[in-house]
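In the two complexes below, chain A is the common chain; its partner is chain B in one and chain C in the other.
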Partner chain A sequence: MTETAERNALTREQLLSAYRMMRAIREFEERVHTEFATGEIPGFVHLYAGEEASAVGVCINLDDRDTIASTHRGHGHCIAKGVDVGEMMAEIYGRRTGSCHGKGGSMHIADLSKGMLGANGIVGGGPPLICGTALAAKIRGTRGVSVAFFGDGASNQGTTLEAMNLASVWNLPAIFVAENNGYAETTSSTWSVASDNIADRAAGFGMPGVIVDGFDFFAVHEAASEAITRARAGAGPTLLEMKFTRYFGHFEGDQQTYRAGEVEHARAELDCLKRFAARVTQTGELTRSGLDAIDAEVAATIDRAVAEAKAAPPPGEADLLTDVYVRY
Partner chain B sequence: MGDAMVGVVANPLSGRDIRRLVTRASVFPTAEKANMIQRMLTAFHAVGVQRVLLGTDLGGISAAVCRAIGRRGGPGAGWPEVEFLDGQPIRQTAQDTVDAVRRMVAAGAHVIICLGGDGTARVTASAAGDVPMLALSTGTNNAFPAVREATIAGLAAGLVATGAVPAEGVVTRAKLLEVRAGDRAETALVDVAVSTQRHVGTRAVWDPATLTQLFCAFAEPDVIGLSSILGQLSPVARHEPHGVTARLDTQAPVQVLAPIAPGLVMPVGVRGIEPMRPGAVYPVDARAGIVAVDGERELTFEPGERPTVRLRGDGPRCVDVPAVLAASARLGLLRRTSPAPGPPPVARIGR
Partner chain C sequence: MARTITYREAINEALAQEMERDESVIVMGEDNAGGEGSPGEMDAWGGVLGVTKGLYHRFPGRVLDTPISESAFVGAAIGAATAGMRPVAELMFVDFMGVCFDQIYNQAAKFRYMFGGKAVTPVVIRTMYGAGLRAAAQHSQCLYPLFTHIPGLKVVVPATPYDAKGLLTQAIRDDDPVIFFEHKALYDLAGPVPEEGYALPFGEANVVREGDDVTIVTLGRMVHTSLEAAQQLAGAGVHCEVVDLRTTSPLDEDTVLESVEATGRLVVVDEANPRCSVAADISALVARKAFGALRAPIEMVTAPHTPVPFAGTLEDRYVPDAQRVANAVKAVAEWAR
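And then the complex of A and B:
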């Protein structure tokens, strides 16, 4: 096999890991959806269900050298980059045991030890951040890459466009992953994105732009693998556009009067987990019973995460003055 | 013909696959696809086409044409009447092209133009029946569609649609490769390749090391794509009745440098080249893997399924653009001796 074919062939362990991560994200999000309705979770949550193949198909190619920047819809990116789900759940519940000691909540989960620069409430906030970490990796010669996930709304933000320009002129090991789920909050991307395809904008910055079926783990993995290999080799940034649908509203509580029928169709016909399972069992690479065992294991992990989060204490008065400043 | 009608369908996703990343394939922006359609509308009007059926999409192509019609002051201002084929679900898959082409056939379109790559042409051909088609390149691997100015294509399609140039001699039937695996079937207009890869992934084929077998309806020495592998070793023209097949093997003593994708000239090992007889059934050797049609991984197969490939002579009827315009010159169809009434002799795109 050539280098390319080897790079894109997945081992059994990688396939198991990919399924486990995608299932963990789905289970996590569906559980947060249910728990949020009880009123116990403070603040806003934006759920990633439906988009799992993007986070996992990209992050499975990354290691500890690499950093990612996320969005307000960041739980999936956190899990795919290896952030502990127990700490994430505690953070969402605002508990002292959370990833950020309960001070950030859903939209600010970060774990620098995993290269997860943070979920981000600023639309278009992530792309400039990865120009910094990608420049650091380039100067230090670590061969690390940085990935910014952002949505179709953020693709229209100046910060995103400036970051793509900077990444290209500095020839940074940066990957821009546009997660086009069709709506910026409630505004259709077919109306708001003037180039229609976000990937088309890459040409203006002198970088490759590729459209990927965001429901298909194998397509995402292959495209991301090529983009990341290219970036590590010093050949510069890439823009990948994932097209898919989010299964829940923009935020929990969104009445979704702006769309109809898409989610049902996607869940029934396009779902990344169903497609992945059908494919790997058909080829004989994995067995249905093996996947079922992962489902059970993941469900137990999420149950435990919720129970522990609910039982954990909130931050106390003494925590008010910690984590305020960072010593560089 | 007083009611000349042309159908136009454009693939909003063509020209954006992974080959932008792994090679230096060109990007074909939505705006340019919409511009091409507008240039065609001008050409259609110039030669008397009265009605155009346009496929709809969520990629912004039909929307841009619709806006352009509005800016020109509405229908009838120097362009034919354009009917947008809306009112049915847009799935953002190849099915949209099939649905649009079927509606064009049912409505009685005289010519159907498709904008896309080899994949789009294949899908259009599958639904066009006996209606002549004209494939224009806005994709990546373009062995079948021509890279050609849309205005010229529009003139040729219009001259055939109106009957000004008779179809005989300028509309020719292409060959077709039929792949069967169990109860599933696919067709290809140019090539069928067998790969040992297990997953369809990003669809495009750009790594020849995974390929084990290649079947070509035609193999021209000057095309891009997988058929170029045999185009340099055993060329077969589009009009010849036979095809050509071979086994691909990285260890084969005969290697050919082939432009298998834009910006990618790779050494490919080839052995066992033989002509493909029309109608004969050729089995696929590999036990399991993927069949790629016209450069796109499409059909997965498992042990026991053993796909077969067959060359057929009853492919789509295709408009030969140079032949149409040569006939037009012979017949003096675009010649004017004085400013003529009716369609303007010079039509321009203007805002």
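And then the complex of A and C:
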């Protein structure tokens, strides 16, 4: 499919929605980065900025029937799957009003009512789980699909490889999205991944493997759309490999001594938001002023989310002991 | 209407009846359909010891065979549970928990709390445990203490066919993740089991023998060893009360404490290794909450703190037997300051 034909497959509303979500993720992450530096946000925080096209390019193809599992770098996936940004921000601040009532934090934001099965503090934790949600959809005949996002680090975990094998053996409506941002913590994927590409591993599990420019929303959308359509039709799983980089460190506070120059280059030349805006304004599908209006609206939303999170109460003492069991 | 069936048949019957009752119940495990793909073998194996035999054909599409890939299918059972199914996954030997434990203790056990009460994970993991079959160190362990340690998991260790059926039924209907321990030496044990479905509540220990002199707290296969010892001791005039815990999480503290308050003496009998074990946990509970009632030191009869040996001469010494239990009971009964 040509670039133009693919872009035309998206409606104006979908383009606006895609831009709004990508901008919301960027603004959310830039703001968390700034606020984290003040010392007010507790714990470990891993930012998704730079990778927005992956979460949004995949999730824009999904609906309420569908489930995703995410990673420790999960804010982008949450936003793309429709989790409320106010509740997310409150969760990151450890507030009672947060998505998980302040019991999860950045690494565990979840909203099962939105089909978001959680960010995950365990590298490779998600892929087996989405085999289960995909199995449930298959048994019930909902035509729902399930997506596991995972990083280049998790691509070396047995759980991920086992899940891909099982997904093919059971012919599940499952999509495996390897987000290869170049580093597992500080270790380069060119060293830690023994194959040339993570996507090459798909052949070993009897499924298609597709390499995608992870900075290009349209490329992601096209690849994900094809994989998801096939999965919905009962034709089994696909592995997609997004190649890109992250704009911040592994975690907030990471001095990033293991790399130099690539982030500046990516921000200037490859950035998903810039490329998206250039294309849609060039074709006349959207206008710069329209995008600017979204930028302003998103900035106000994130401002409000931060202000409300800061003002919200922490969990009470009694919350320590609740929600361990449904009934004990 | 009760009739006599085996522990294995009782488990199979609970699975079948719950699958009939509730379409969301599914079963997955290794060798569930073993033989299907082999010429001349039309019967599904029903797992390596045949516990799920007959279910594969009776419930088409709801009994899944799996690769030897425990992380993937145990994780899939957990994921399916978050999506409204009630999966029962079979972890062939509990010794294999090492290759899939993350999915159990970091995923299933954590979801409800970590997601602020917004998730339910009604999964059951059935697993085989215990020594006595010359299966050696990697196929004979009693690892229920490891699971009992983890908040968010429920742990069930049935001793009889009746309890196996009723507790598995409860496990399937329960909205929390349950680890269900089946002792491999009990599968052929026969006992009375009602034909109709029934659920036994968790956290209710069973006083399987009453007595005034010494309390024996035990679980799983050791219930039978303890009853054998109690029978011998009765002839010698020492009357034991035998308490079968049935579940270690939740734990029925009240029944244990009430019994020790009455007898003043406690022997805990547990096939697991002694450190950080159920035996140690029960001992600590009684020492803290019934100290005033104790008339003798608490005794623990457990396996030694070693891996399970292979040779019969060693394994027979490893597993606590009725004589060791009787000796411990006599020691606390006769103890004087």
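In the analysis below, the second predicted complex is superposed on the first by the 317 of 328 C-alpha atoms of A that agree within 3 Å, B and C clash if a C-alpha of one lies under 4 Å from a C-alpha of the other, contacts with A are read in each partner's own complex, and residues count from 1 in each chain.
The rule is simple: contacts are C-beta pairs under 8 Å (C-beta built on N, C-alpha and C of every residue); 3 or more make two chains touch, one makes a residue touch a chain.
If you're wondering where the values come from, they're calculated on a predicted model, not measured in any experiment.
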Does the chain A-based superposition show chain B and chain C clashing or fitting? fit
Given the overlay on chain A, how many degrees, to the nearest 10, lie between chain B and chain C at the CA centre of chain A? 120
With the two complexes superposed on chain A, say which partner A:135 touches: chain B (first), chain C (second), both, or neither. second
Which holds for A:291: it touches chain B only (first), chain C only (second), both, or neither? neither
By the touch definition at the top of the document, which applies to A:99: first (chain B), second (chain C), both, or neither? second
Per the contact definition in the header, classify A:158: touching chain B only (first), chain C only (second), both, or neither. second
Chain B or chain C, by number of chain A residues touched: C
What is the contact status of A:327 with respect to chain B (first) and chain C (second): first, second, both, or neither? second
Check whether A:169 is in contact with chain B, with chain C, with both or with neither, and answer first, second, both or neither. second
Based on the superposed arrangement, let me know which partner A:79 touches: chain B (first), chain C (second), both, or neither? neither
In the overlaid three-chain picture, find the nearest pair of C-alpha atoms across chain B and chain C and give that distance in Å. 24
Considering only the contact definition stated at the top, list the common interface residues of chain A for chain B and chain C. none
Which bits of chain A are touching chain C when the two form their complex? 67, 69, 98-104, 108, 110-113, 117-118, 120-122, 125, 127-137, 139, 146, 158-159, 162-163, 165-166, 169-170, 322-328
Chain B - residues contacting chain A, complex: 12-13, 16-18, 20-22, 27, 29-31, 58-60, 63, 92, 197-203, 206-207, 209-210, 288, 300, 302
Chain C to chain A touching residues, read off their complex: 26, 61-62, 64, 66-67, 69, 71-85, 87, 99, 102-103, 106-107, 110-120, 151-152, 154, 174-176, 203, 250
Can you list the residues on chain A that touch chain B in the complex? 1-2, 4-5, 8-9, 190, 195-197, 199-200, 202-203, 208-212, 216, 218-219, 221-223, 226-227, 230, 238, 243, 279, 282-285
